[in-house]
Amino acid sequence: MNFPLKQVHDETTRWNLASVVSALRDSRERAHRVRHMGHVRELPYREVIADVMQGLSAALFPTHYGRPDLNDENIDFFVGHTLADTLDKLADQVRRALLFSRSTELPHPEDLQEQAHRIVRALAEDLPTIRGLLYSDLQAAWQGDPAATGVSELLLCYPGITAVIHHRIAHALFKLGAPMVARLIADIAHARTGIDIHPGAQIGEGFFIDHGTGVVIGETCVIGRNVRLYQAVTLGAKRFPTDDNGHLIKGQPRHPIVEDDVVIYAGATVLGRITIGRGSTIGGNVWLTHSVPAGSNVTQALSQHS
Amino acid sequence: MNFPLKQVHDETTRWNLASVVSALRDSRERAHRVRHMGHVRELPYREVIADVMQGLSAALFPTHYGRPDLNDENIDFFVGHTLADTLDKLADQVRRALLFSRSTELPHPEDLQEQAHRIVRALAEDLPTIRGLLYSDLQAAWQGDPAATGVSELLLCYPGITAVIHHRIAHALFKLGAPMVARLIADIAHARTGIDIHPGAQIGEGFFIDHGTGVVIGETCVIGRNVRLYQAVTLGAKRFPTDDNGHLIKGQPRHPIVEDDVVIYAGATVLGRITIGRGSTIGGNVWLTHSVPAGSNVTQALSQHS
Amino acid sequence: MNFPLKQVHDETTRWNLASVVSALRDSRERAHRVRHMGHVRELPYREVIADVMQGLSAALFPTHYGRPDLNDENIDFFVGHTLADTLDKLADQVRRALLFSRSTELPHPEDLQEQAHRIVRALAEDLPTIRGLLYSDLQAAWQGDPAATGVSELLLCYPGITAVIHHRIAHALFKLGAPMVARLIADIAHARTGIDIHPGAQIGEGFFIDHGTGVVIGETCVIGRNVRLYQAVTLGAKRFPTDDNGHLIKGQPRHPIVEDDVVIYAGATVLGRITIGRGSTIGGNVWLTHSVPAGSNVTQALSQHS
Amino acid sequence: MNFPLKQVHDETTRWNLASVVSALRDSRERAHRVRHMGHVRELPYREVIADVMQGLSAALFPTHYGRPDLNDENIDFFVGHTLADTLDKLADQVRRALLFSRSTELPHPEDLQEQAHRIVRALAEDLPTIRGLLYSDLQAAWQGDPAATGVSELLLCYPGITAVIHHRIAHALFKLGAPMVARLIADIAHARTGIDIHPGAQIGEGFFIDHGTGVVIGETCVIGRNVRLYQAVTLGAKRFPTDDNGHLIKGQPRHPIVEDDVVIYAGATVLGRITIGRGSTIGGNVWLTHSVPAGSNVTQALSQHS
Amino acid sequence: MNFPLKQVHDETTRWNLASVVSALRDSRERAHRVRHMGHVRELPYREVIADVMQGLSAALFPTHYGRPDLNDENIDFFVGHTLADTLDKLADQVRRALLFSRSTELPHPEDLQEQAHRIVRALAEDLPTIRGLLYSDLQAAWQGDPAATGVSELLLCYPGITAVIHHRIAHALFKLGAPMVARLIADIAHARTGIDIHPGAQIGEGFFIDHGTGVVIGETCVIGRNVRLYQAVTLGAKRFPTDDNGHLIKGQPRHPIVEDDVVIYAGATVLGRITIGRGSTIGGNVWLTHSVPAGSNVTQALSQHS
Amino acid sequence: MNFPLKQVHDETTRWNLASVVSALRDSRERAHRVRHMGHVRELPYREVIADVMQGLSAALFPTHYGRPDLNDENIDFFVGHTLADTLDKLADQVRRALLFSRSTELPHPEDLQEQAHRIVRALAEDLPTIRGLLYSDLQAAWQGDPAATGVSELLLCYPGITAVIHHRIAHALFKLGAPMVARLIADIAHARTGIDIHPGAQIGEGFFIDHGTGVVIGETCVIGRNVRLYQAVTLGAKRFPTDDNGHLIKGQPRHPIVEDDVVIYAGATVLGRITIGRGSTIGGNVWLTHSVPAGSNVTQALSQHS
């Protein structure tokens, strides 16, 4: 910190740029160990995927997420133009991400593009079905929250709705073979809502999360119809399965199954491949690591005061 | 997924756009059931309301949220210009939202505009009072956090301050009859801070939330003066009141009353229309569903180790 | 609220601007009590510091946070140009913030600038070391999460990685004497990830936070190597030390020491200047306010069902 | 100019803002003499009209002025969406401008809006015809310039094409009763190309201006088919007709009639209500104030050298 | 040009960047010959000066160049805020430019800033007078053009008005000692209108240029009141005065004096320090290099046709 | 125009969008006659090429067109980063344009990309030479204009300098085989300066155009060293050469040769493949269609007054 005064006025070496740049290059090269040999791997781009989600949301709910002044004459032009633009962008991002989702040899560029087109075309075909699911989620939210005043309020103000829109699209892409883009979509929703749903999680119709901050739903969760969660609920893994050598086994079912019509209150922690039977209620802050039968009502009551 | 290779090069039907657009229109029409009969309902616009909050924050604390180089000669021009611009925008958003806050017949456009002007004019008159309340909140934060180094740090770095600025404006609009805009403001704060305060909640002066992620404060809460909360505190409803037919009764008092000088530590859950007496302390992770008298000190102590 | 109809058309006094602006000026002057006597204190600017973090992240991981199409020919130009731009901006923000970090007399402008340059130059020299630490964090994340598929996914999708990048730079600035800029960086990360790490916290290599929403790590925490945390973990203060007059004593060690190879599961609350011994495991939702020896395994088991 | 040094540091009166603002208000009030009595006249907005021209150009030539990657599947969605957006904007600008195009009493707002809608709807119906005319202009350019390499070069690089696209739309709006918007469109073209065509000028198909800088075409010009002009040609008024009291008589024919198949070379000046007969050629720098019969070839030869 | 195919895929040397950058550095250093020895001369910035002109135009004519929806309640806040912002920016640009307007020794930074403040403060005081002059120019335009329909059309659509607004501000700055900023303003107007007026030219009230493309007005011109010019008029120098050694003598009067009430038609060229007497008319395309008395009517008549 | 009132409120058919879109599609298809059969021809994009020119100008003169605060430490990083970015963009535009510069069969995409890379790489190698030429142009401007005060003023305020920078790059691209991009660059300069130089024109070192509006320089011009032009000079073709069938013959020499040290004053028109001998002076407004020997002094004197 004994920095001589004259250096401040010597603009030619203000930040020692050349040496910092060189040290950072060394650090990169040490870390990567293997050079890319001149190949550039174009990465997917979080900002573009956020745009894609904006575009898909607008295509699904044009007046709420697109432009508030659409009318019967122009709405289909808007939807068609938005989709054309958005699907092209998404296909390019999926193509980039495909390079990262396989461990083995490098695929041929044209194959990647064809595969990306196939995935996005299948997603486009799914969109009306996804819209139907989201409509069931809106109905569930309307029935589940006494403070809600209408569908527009739900679409504009409820983080749980934002999260489920992102999840249903992320899950479709996950199943179609674009897991990295799906993960980016999930994390965009997480950053905006505090709700962290792995795109692998399977979730039935009529799903509603109220408040939502701190909710975590793991990759292999299976959630039935008309399930309602509150803030800070965890549906997690109890422990990670390992093989005989102690290495993590990836992809094994390790998160809960939640059957239809279950309600889980704020702060409850549900861990492991257990089953919450249909119609059960799990109370706030409950810690649950074993299955419960249909119609269970699990609570805790533990405060003392002096 | 058996997609023929040549399709990739047939640009004329890359995404089956026409059929997807048509299926989405069908989905919209099924869902809405009733057509709007040519009427366009202009929706409020989240981005514009975020701009409005930026403008109002700048009018209240010009050097911190407006421009850091203001001086005595230009500050009132800045405040006046910012307010003029912001209040016009807000009035337009309030007008749009008024259509959504009443279930019965469609009001006349001019009446809506007049009502929106009345609401925004009343908010403008309230701004100096709101600024006074926020100043008391800043003082409370300064006294409540040993890490704080000054008012500027509080305004620039504390999510609890961001949340309370949004809440005090949202609450004023909620009381003046603009609940949907109020909800949007609350959700903007929630997305940015992880703190979820319903705009209906009544909160006295000198309010401070530290860290804040996961805090939830319900619609009918009544919070006294000089109350301090930490992260993940819930002031929620125990159950929702229903009428004889099992329908939710909206607007009933169902959240806690927190009297003056109460401190509630991280993760505590306080549920139902109970009263936390003046000067009480509620410990971390406590689960509380009954009233406690003034001066109570509620804790739990439950960890075991092996 | 008895607002005559004709006023709506009288544009000349739509918002009573002049009187609102005047009342806000009165409110500012009452609050500040002491006028600045014509001096302008330029404040640091949150948006610029967010840009700085974007620039430093791009300099550290150019292809992930900079531009996805960089190659060996242009990458050093990109890094050098980005650093030059970013460090100039940061130096200006540090200079502004220095005014706010000392309670006594006003320093001379040139001294402030020299000090800011010294701080930023030292940070620049630290960047390769910081990159090395972050690389160890990436390795820890890879080993800690069975769902992770590669370094790119970690850098693009994991809030825990975002948080640790921000923290390591914030901590360096905190130690170099720029605490307010450090706090702004920490709060930018908090808003984006829900993870709230005070820039004073000392954290060893190989640190990983999974999911992360609701994590709080206090100013005087000392965390060893290869520590792993899950969402909603609090490493906080039990109570604030006060002097004989009851005033808060700032800067005293009051947060936990977490030794190497500790894992703390979701929702655990660890409070006070206690020590978690090397290799311990703290279970989910545990409430811990006393030290535990190395190799401890602390759990709770408290759910009942009916 | 005897400005005391200390004032430089006295930020409170750096620019004497209050007195300058007040003097400018006085200047405005003196100039307008009559106050608007609280009425706001929304003016048309040059930037918005430039956007409108961008949108109409894109609707007419989607791949050249819209997006270069359009294909058969998405092009109609693009055109429809662009038109919907652009025509709404244009209608609002026309409505604003209508207030300025009549000297007498103030029309009712709803009448203005209805009139604006009628004008824009008629323009929309004209667009295919306008496109046909522009296609004839492109063919004329292709035949007239030995340097041209194709339609794309003409659309992207020729100021004469830019000017004629603007003129044909401006002229349609001029005839439909929106002269002020027409004038704004003409001046936008003038600023970009140096070609100044009054929107009242009538111009037949197959019109081409090469280079173009300095061309001026007056309001009452009548130009036939397949006319070609070069830079700095003026088709102007010789003198302005006045009534018995010496007041200008507006709208009288006072500019040339140019019949079919005429070529006018660079710098020629043609003034007054004269007729250039079909198939004539007017040489460079010629000064012409009388009619010439069909097939004329007017030149000058006047350089001397020493 | 014998470029081997494989190079296209060798991304590491796509553009030979390192050698091009190095050659450009050599070229810079050869050209400058003398190094700046570490000093940075901040240059004025054309884009910022264009913003400044936008701001000053908005302060002078708020509803036309500022925002079309201003009313009596908010207009002074708008003007004051716009001026505060604009004058600060202008002062910084003037300070930068002052370094370039003197050939001798480097002034002290604080002196430059003080001088820049003095210049801008004087300009601010001049603004109401400048507005008065511009109002006389608007009246002249209204009287001079039979096609004009009102002041709004003149302000929004006439390049001659744009040019004179820029000139009157540029001329004030030129006289106050900021010639380089004045030149930048003049060139911004030139690029937008095709009218090239040197900021040194003195121009009386009631000045109007119609169409304007190609007009050139030299540095030492003196133009009286109510003068009207058309497109492509040159008021230039006949030859440049040189000293005994043949070096250009700068600043000598070398451009015409045009007395009150003169009209000069399109394409006329007037060269040298001659005087056009009061009330004269100079015809189109006239070439004039000697003085003419008051009331002259200069024409040419030179076309022949065959 | 007989538009029923109720239609104004019938939003469903406000603009008859469907029928307008359909008519425009018919118009496109009639005009193109031949469908593209699903192929998309990506067009070059004027806005991107304007960015490219901004980038190349910044690489050539970093402190004037790049960023005014560059210093010795960061300038090469800036230049290298700017070039890397700009050359990539340019290569993509050149690739797109190559499709349009050949009349025969469609080339293979990879060949186009390789050709584009080769062209841009060659341009990059030329940049230092181009900078040297531009430096000679700056010196010529300095010597030719008594009003110029320094190199910075020339670079920032002189349209003639803007034009020659664009021309020298456009000419290099023209010669390297990218004529359409070259034409776009030329037209961008034309729109900004009013100076229209065909990219094919060959121009020696030390070239200066003063004022410049209306200058036109044709494709096959050959201009020597140290030539100076003023505004509105035309170096054009007298007539277009045709073959026996009357078709235009493209690419024939048809514009003047201007030898070293020639000055051509404002408004002069020089037409045809003639030669202006070394050291000649051509007076203002002269009309010249035959060669003149070295040292000629061509004038006209033709004004009369009454």
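Order of writing sets the labels: A, B, C, D, E and F. Residues in every chain begin at 1.
Going forward, a residue touches a chain if its C-beta (ideal position, glycine included) is under 8 Å from a C-beta of that chain, and two chains touch if they have at least 3 such contacts.
Quick caveat, the model's predicted, so the values are computed rather than measured.
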Most remote chain, CA-based centroid, reference being chain E: A
Of all other chains, the one whose Cα centre sits farthest from chain F: B
Interchain centroid distance [CA atoms averaged], chain A/chain B, Å: 24
Geometric centre distance via CA averages, chain E-chain B, whole Å: 52
Centre-of-Cα separation between chain D and chain B, whole angstrom: 50
Multi-chain contact sites of chain E, meaning residues that touch two or more partners: 11-12, 14-15, 17-18, 21, 38, 40, 69, 71-74, 76-77, 80, 83-84, 194, 213-214, 232, 267, 285, 300, 302
List of chain C residues in touch with chain E within their complex: 11-15, 17-18, 21, 71-74, 77
Complex interface listing, chain C residues touching chain F: 69, 73-74, 76-78, 80-85, 88
Residues on chain D engaged by chain F in the complex (per definition of touch): 59-60, 62-64, 68-72, 75-76, 79-80, 83-84, 87, 113-114, 117-118, 120-122, 124-125, 127-128, 131-132, 135, 146-147, 149-150, 152-153, 156-159, 192-194, 211, 213-214, 231-232, 266-267, 284-285, 300-306
Touching residues on chain B, where the partner in the complex is chain A: 1, 3, 5, 7-8, 14-18, 20-21, 23-28, 31, 36, 38, 40-46, 96, 100-101, 179-180, 183-184, 186-187, 190-191, 194, 196, 198, 200, 213-214, 216, 219, 232, 234, 236, 240, 248-250, 267, 269, 271, 285-288, 292, 296-300, 302
